[in-house]
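You will see subunit A twice below: alongside subunit B first, and alongside subunit C after that.
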Partner chain A sequence: MNSWMQQHPATVLGLVLWAIGLLWLMPGRKSGASRTPRTGVLIAVAGLLSFFAGCGKSNSDLASEVMFWVFATGALGGGVLMISSRNPVYGALWFAIATLCTCGLFMLQSAPFLAAATIIVYAGAVIVTFLFVIMLAQQSGAAGYDQRSQQVWPASLGAFVFLGSMAMVLQSDPPRYERVEIVAAETPAEQPGTMVALDPTKPVIAPQPPAIPNFLSRADSKAPVGSMKGLGRSLFGDYLFAVELAGTLLLVASIGAIAIAPRREEGAL
Partner chain B sequence: MPQLLITLITIAAVVGAIPGVCNYLILLERKLSAWMQDRVGPNRVGPMGLFQPLADGLKLLLKEEVIPSHVDRILFLIAPGISVFTALLAFAVVPFGPVGDTAAPSFIRFIIAPNIDIGLVFIFAVGSLAVYGIVLGGWASNNKYSALGALRASAQVVSYEIPLGMSVLGIALLSGTLNLEQIMQQQVAGGIMAWNIWFQPLAALMFFTASLAEANRLPFDLAECEQELVGGWHTEYSALKWALFFLGEYTHMITISFLTSILFLGGWHFPGIAEADSAYAGAWLVKLLVLVSKAFFFICVIIMLRWTIPRFRFDQLMELAWRVMIPLSLANLLMVMFCAHFGVSRWWLLPGSLMLFAAWGMISASLREAERRAKPGYVRRKATAAHGHAGHGHGAGHASGHSAAH
Partner chain C sequence: MSVPFGPEEIRILLVAAGLFVLGAIGFVTRRNLILLVLSAELMLHGVSLSLVTFGKIHQNSEGQAFTIFVLTVAACEAGLALSLVLSLYRKSHSLDIRLWSELRESDVNPPDQGESLPAAVSTSAYDGIPKLTPAGVAPVGTAGHP
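Then we have the complex of A and B:
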């Protein structure tokens, strides 16, 4: 850990600045008169820039580079505004923006189904339900306790530790994870980690991933990835047990939700 | 021709055509309504009132924009934009003509984004965002009626997304793809007997109903509901911002009609004049016209439904989604899975769907009867009055309440 800190000072500095900026931006007990948001934004942006400087250069083409920056900025900015806005409705909307930008990032990684499913589930259903509840609950304006952040310090510290450990794993030398790149079948991979635009006419095959010692899943390297067919075959073939387990869990959860919901005789709507 | 140029031309054609088409759909709606109510309809501007849409559009453009002082200004202004944006974006993967026809001029492609593997899922994803326009508009208006409309809209759209998605899963299983062009191509190649309506009639009905609910058209316009909520979520809107909401609604209507024709009625295929191998001069135009006429037919059905079926009550609306359409679409999907897995001929799905429909009607009628019987003060009705509403399980008998099954 010490060597990682010494090798990547920009990353560590960026994370610290980012945490301070967020602490500054989160709405506190007083109604914002003591702190100006501009300072917090400046600190957070400086932290982000420093963090990105510590991440090193990517080697993808200009178009996907620009798209990546647009979506990444949107997702991060949406996330910050979500936790720092005083109005819960605006918070929910910024959450939606952050989700949509994340879906854009999924698209860039050639996972269109994941993107569409996330939009349907999160932006289309979950956040609409949030809005529904917020509008029902707060017809006479937001209550005081809803206008300020709770547990600012533990939250910032937790996020800082989480991001730091992720950066440490990703930047560790030698790498602790296997980089699995997706390449078109005919063209050999020139540079590791480049993203190749998926040509619908060519089958796309993932290179052999390392064997996963998990009896519940067995990855099949021959299946085409990036298409609905490949995803379906992988989910319901290679990872069938995991999918069934998750499905059972969801079923149990929904039965539980119905069981604890109040009945009409008990005074529900 | 470079693909980028073709894409730009197609986008320009679609975005340019849709507002004009929507304008004339409003005239069509007014004329059809007038016809159904034995009136004349708009007939002052131009021959047979044909220039009425232009006059209306000009009026909406030039009208004073009223922004009440009590609204949340940013969201109030953004909401109509979201409505139109999502409605237009959903149209990007809808093929509106014979895609891939080599005889057609090369500068137009009949689809904005071809070869989208997840076509249908994309439409549902974007369609599920459309509710933001209504919810935000209603909330930002800072008005009781608008907020009530927005609340109703959010509950309704979240509920109806489930049957909407599940009803087309059967088609996805049958054709093995979610790509709209391929679904259309398979039906075209098989002739009229390969139209999906033969195998999925129940799914077609449910898809059409659920998409009406998604588009907030009558009988599902609870969010608007003039008799109760003044104008619902758009009470505070005026002039062009109000018009944008309706541009979004009519675009949604066009998308629904195209989707229903493509998914269930064979796309641009029509026996005799537009077959897979018809190659006479101008065949592409005929194919285009066939698809557009099918869509036009559905638009007329949607408009005429408005004056045929009265608006639902809100609990009936929810009941239709959760107690009728979701179980039915699940059963339909199970049936398709059975056929696909055991290699049974898909023609068994036709009687299967009809039997499912009848069985569910009987089950819900008897459930209703059992509920009524469980209530105190139950008086047995005469046998002749008992089967007025065997169909959907919502009807005259409903007013006596429902408590036991909840």
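Then we have the complex of A and C:
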């Protein structure tokens, strides 16, 4: 751990600054009006930038580099401001920012379909309905319980120690992860032209398919990673039963939501 | 075939871990029911980003396929959580989670004893809500032992 801290001072500094900024911004036990949020935002953003700078130099080109910095800072900064916002409406809007930036990171990781699907599901459905509920429930603005938070210090300490340990594992030198060599498993090819005598006493065993797990999910030149074709082959080839199960799950969840939600005759909100 | 696993992937994984951690902090510390659900969704974003990155590292579509299932479950969870929140709000007319601290097990201390708790909802609000049965067996010789 000491060597990691010496080799990556920017990461450690970033984590500490980020935690300080978050603790500064969190709604306090008292009203917290004495702390200006701008200072906390500056500390947290400085911590975030230092944290990313500690991740090492990358070899990508300038455009994707700029996009990574913008989206990563937006996602994590939006997350910080979401969990520390005193008004839940602003919290939901910061969550929308974090979602959009996460979708940008999806695009960088060659997942354009997922980015679009996530934006549609979250921005189009989740955030809008939650904003409806907030505005319906808190018509007089932020309530008193939004000005307080509970167990901030233990939660932040544990969470940032967890994050630091993950950074330590990911940045360890020599790396503790193993490079996975993807080797196409090949079936032993039958020698052409040889005849195999069938033994009538033994049952005839059908030739087994090649032992490649989830073979439709592998990327090739026709269906590269992230393309609609490759994703569709994976979903409706390897994971067809799981797709059917997911549809069943959606049906059950919608029935359950209708059953739990208040009836009209029980009185409106 | 070598697998690209460089600083780019490492920092994306760290961003994903950061999103997860922020969602966890928000889930533990905030008291608004809606913000609790949104924090859980933030944690799911972190997990999805990790899965997509793993899929890119391994050069297959499995990570993205799993992420679609995560998205499905997140949508189900959001719908169920919304109806639960509405059902709780109709009984307490507040989104404060502290009002429902009586839902804990009976032998657990109330949260954050230093602060004065808000008046809990009336006991009639708990009608029709399933209670947790006391778990485990009381040691021999104590009052709870049969």
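Just so we're on the same page, the second predicted complex is superposed on the first by the 182 of 269 C-alpha atoms of A that agree within 3 Å, B and C clash if a C-alpha of one lies under 4 Å from a C-alpha of the other, contacts with A are read in each partner's own complex, and residues count from 1 in each chain.
One rule holds for everything that comes next: a contact is a pair of C-beta atoms (placed from the backbone, for glycine too) under 8 Å apart; a residue touches a chain by one contact, two chains touch by 3 or more.
Source: prediction; values computed, not measured.
Which partner chains sit in contact with A:M228 here, subunit B, subunit C, both or neither? Use first/second/both/neither.
first
Answer with first, second, both or neither: which of subunit B and subunit C does A:L170 touch in the superposed model?
In the superposition, A:L170 contacts subunit C only.
So, does A:Q150 touch the first partner subunit B, the second partner subunit C, both, or neither?
second
More residues of subunit A in touch with subunit C or with subunit B?
Higher number of touched subunit A residues: C.
Thinking of the overlay built on chain A, is A:L249 touched by subunit B (first), by subunit C (second), by both, or by neither?
second
Looking at A:F113, would you say it contacts subunit B, subunit C, both, or neither? Reply first, second, both or neither.
Touch status of A:F113: both partners.
So in the superposed three-chain picture, is A:V128 touching just subunit B, just subunit C, both, or none of them (first/second/both/neither)?
Once the two structures are laid over each other on A, A:V128 reaches subunit B alone.
Just which bits of subunit A does subunit B share with subunit C as contact spots?
113, 117, 125, 129
Residues of subunit A touching subunit C in their complex?
22, 26, 29, 51-52, 55-60, 68, 72, 75-76, 79-80, 82-83, 88, 91-92, 95, 98-99, 102, 105-106, 108-111, 113-114, 117-118, 121-122, 125-126, 129-130, 133-134, 137-138, 143, 145-146, 148-152, 155-156, 159-160, 162-163, 166-167, 170-171, 177, 179-183, 214, 217-219, 223, 225-226, 230-231, 233-235, 238-239, 242, 246, 249-250, 253-254, 256-258, 260-262, 266-267, 269
Help me check something: in the complex, which residues belonging to subunit C touch subunit A?
Answer in residue numbers: 1-3, 5-8, 10-15, 17-19, 21-26, 28-32, 34-35, 37-39, 41-42, 45, 48-49, 52-53, 55-62, 64-65, 67-69, 71-80, 82-87, 89-90, 94-96, 98, 111-112, 115, 118.
Tell me, which parts of subunit B touch subunit A in their complex?
It is residues 75, 115-118, 121-122, 124-126, 128-129, 131-132, 135-136, 139, 147, 150-151, 154-155, 157-158, 161, 165, 177-178, 403, 406 of subunit B that touch subunit A.
Going by the contact rule set out above, which residues of subunit A touch subunit B in the complex?
89, 93, 96, 112-113, 115-117, 119-120, 123-125, 128-129, 131-132, 135-136, 139, 200, 227-228, 263-265
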